[in-house]
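Presented below are the structures under discussion, each in the form of structure tokens.
Note that subunit A is present in both complexes that follow, paired respectively with subunit B and with subunit C.
Now for the complex of A and B:
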């Protein structure tokens, strides 16, 4: 009885009793969720256009952050280091297309997946070689990201919002919006969607695979840099940053590997739910630290009831 | 019976310079499955040429060899040459071929199901570099030829009818400003009057837009009414070719492909007096 009460009643009583605290929790969850959504988007774009499950997405976050901080350490001004890092990510995309994807086109999916593991190992080694293996601090201030915090006093309580989190959320929203406009309105975006629908037909109308692949890997690179900056500002820049990409897995399980909208909604949902669970159920009942596994368990449970994921693209069948 | 002789065939084709010539090609899938065993054909500039034959004869394989789409199916041209407007096709990527004016409309339409009809059409302009205004003008032209697509422009292609999808696929190819369209089984699964409608448009495009067609069809009857010349393919070989008119009146074609007389469909191979010609073999 006591247990049931603490699972089904007390958490909600707590939420109502301290709405300001609930808002704080929701905000924290939203910030994490925005990042999960971004990373998942990178996966989805690459998967849609090449059927490759990109194992290297996580390490790309680390590599981008390392490159940015590394370039700055070598004396390059922060605001110049950002475009330079983007150039590096573009070169990386071109190299991956040339050296890995093009020779392996038409190989079974598993071979390509293994190739992305190869890319991961290469990036770990290459990153360490150039920038060293020790942890670094993200150049948050140098990038002009405000570090103070706002406080609100809703419901006679107290909510604090860090300015860098707010910047991250705004930045991510702008990035996602730009991406959606690009996908839906531009010629290249249309080609990416076409390739996702029908590979053969895309080839037959002259859509160039090389161009599209370079493009989606570059977009994944941009996303990696954005995530690297935000996550690095919270947790420092080290190879441990890679774990954020693992959080994209349950998001993809929920949202479907091919759905842009699924990645966004799935990411936000997981970010918020795992935070709520941690605060109201995990800490009081399980000693906390539930965020490491909650998302996976949640996704598995959802999949039991909806095997195609929450937003798996409808397969249109028509003769 | 009267055979379509070689010289007659040659006389009909030499009138126009070929835009495409396929010379004795062999195609192998998966390194071992020999599917085309020496196919030769040519398409005159401005012509409609039919490639006929039963299911499995090798029509699609021939078209994909020409548009260089075989790689994606682990197929390979192991012998012979394909020349489009004087250039060897094998050296060009599908992207480059489309840019030069040779585009395939695949069997089964293959529209992009989640894209709107208009977005489908626009993907056909991927290789173009002549600017938005020109592309929009051609979009308008496609809507003139296929008024039904204008009505359906915002619908997801996956939810449109078979006929509309066929129109979308042809319109999409038109958006690339092609000199030649390789059209694979446009009649498949469509009601007779729709088939007629589609072929009428093909004829108009041929006359008004100067697009040459190589048309793969099992529907021999319709194809030979619209084409000027035809090739009949059996088990990866051309067994007969000639002017459409001559083919239509050919007794064997009548019997085996047009369903006139005879008892059921046989193969040319069963016909003793028919000798396979080897004129293209080097």
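Now for the complex of A and C:
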């Protein structure tokens, strides 16, 4: 009885009793969710256009952030370092297409998946070799991101919203909007979607596979840089950031591997729910740190009811 | 010449499907076993036991378990590390609860615990497929490692949160713990590995193995010809997790000597997956070849700069190591996506033909 009470009644009583704290938790969850959604978006783009499950997306975030900070440390002004980092990401995209993807066209999915894990290891070693393994500070102020915080006093309580988090949310919304416009309106964007629908048909109307793959990996690189800046501003830049890539996986499952919308909604849902669970159930009942697995278990339960995720394409199987 | 099959006639269907249809294969296996059981233990140094031989055997065993699930039954799993952890913690609990129990029995029992957990996490595979399933196995990975950390009962509430292997004797000889001699441990592991491999070869050749392969190639078609998918998938999860659990118990008790929860984290899972894939999915031999490569590569890379007289800091070596392992994986996948086992097959076919071109 005591246990049931602490599971089903007390958390909600706590929420009602301190609505300002609940708002704060929701905001924190939302910001985390936006970042998960961004990483998941990088996955979805690559999966849609090439059916590659790109495990390296997480390390690309770290690599982009490290390159940016590293370039700045070499004395390059911050606003110049950003385009230079983008150039590095473009070179990376071209190299990956040339060296890894092109020879592996038409191999089974699992082989390509393993190859992206190989890329992950390579980039970890390469990044540490060049930039060192220690934790670095993101150049938040140099990039012109405000660092103060707003405070509100709703319900007679106290809620604080950091300006860099707000910038992150706005930046993410702008980025996603731009991406959607690009995918739906531009010629290249349509080519990407065509390739996602049917490889052979797309090739036969003259869409270049290798160009599109480079483009898609480059866009994933841009998203990685944006995520890296925002997450780095919150937690510092180090290879520990890699773990957030794992967080994007349940987001993908929840949203469906092919759905841009699913990635966004899944990211927000998981960001908010895991924070709520951690604060109201995890810490009082299970000794905390439930964030490492909650998203996976939640996605697993949803998948049991919808095996293709919430927004994924319906899986049709024929013999 | 060496592999000439001329003159080896098969007069019955049974003989054609024997374990070694070509006599030379049996000879080769015999030579390898003599090497493993007699020559290597006599010549190897203590360092090579601990850094090469024992880990190769244990990793190969874990990869064998994963290969049964992924290579034979077609269910991709990313949670191998956690299931090794289940085996290790179960063995620790059994050993500390019944100190007089024979360690072989304890390890065999801990495999069953791991198998039960594996079946529980395998249940979603009945509905979820492909990459979606792979990510659900990550749920097992993260949840179990969290559990190892938070559930004090598992490590007997020790203050460090780690499990320590006590000195364990079997028939008067210390086989595990700080006092055990590497040679004894090597023989122990080798014995277990030989036994499990023999079991795995036969189970994958038989009715169950064919059932798994049918499910791997296309599960709907398999269902239509009358294979019970639930039985096939769950039995694959059970057998695979059993072997992985035994490997986990050996990993801690016969090699590491102590373990913290994060030892079983995702890098371990990936390492085992690399071995299975580089070795070759759907092959038993491949696990051993893959394990040799993945275990030996860092050791070789670590000693190489010193031998060549190039002064490099150890941190740099570490980073280069990770980088080269990553590059090697990509290289192997590009050169031969079906793994090292396929290389051996090609060589063997060439040898049978040799010296004639056709």
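For this structure, a couple of remarks:
Here is the rule we go by: the second predicted complex is superposed on the first by the 313 of 319 C-alpha atoms of A that agree within 3 Å, B and C clash if a C-alpha of one lies under 4 Å from a C-alpha of the other, contacts with A are read in each partner's own complex, and residues count from 1 in each chain.
In this text, contacts are C-beta pairs under 8 Å (C-beta built on N, C-alpha and C of every residue); 3 or more make two chains touch, one makes a residue touch a chain.
As the structure is a prediction and not an experimental result, all values here were calculated from the model.
Upon superposition of the two complexes on subunit A, no clash is found between subunit B and subunit C, which fit side by side. Of the two partner chains, neither subunit B nor subunit C is touched by A:234.
Of the two partner chains placed by superposition, only subunit B is touched by A:194; subunit C is not. Contacts of A:206 after superposition: subunit B is touched, whereas subunit C is not reached.
Contact with neither subunit B nor subunit C is seen for A:10 once the two complexes are overlaid on the shared chain.
In the superposed model, C is the one of subunit B and subunit C that contacts more residues of subunit A.
Overlay on chain A (Cα): least separation between subunit B and subunit C is 16 Å. Across the two superposed structures, the residue set of subunit A contacted by subunit B and also by subunit C is 318-319.
Within the complex, the subunit A residues that touch subunit B are 106, 187, 190-191, 193-194, 196-208, 313, 316, 318-319.
Looking at the complex, you find that subunit B touches subunit A at residues 67, 69, 71-72, 74, 93-95, 97-99, 103-106, 110-115, 119-120, 122-127, 156, 158-159, 162, 172-173, 176, 189. Partner subunit A is touched in their complex by these residues of subunit C: 70, 76, 124, 127-132, 135-136, 138-139, 142-143, 145-146, 149-150, 218, 220-221, 224, 266, 270, 273-274, 277, 281, 315-316, 318-330, 333-334, 337.
Subunit A contributes residues 53, 99-100, 103-104, 107-111, 113-115, 117-126, 128-129, 133, 246, 249-250, 252-253, 257, 286-287, 289-290, 292-293, 296-297, 299-300, 303-304, 307-309, 315, 317-319 to its touches with subunit C in the complex.
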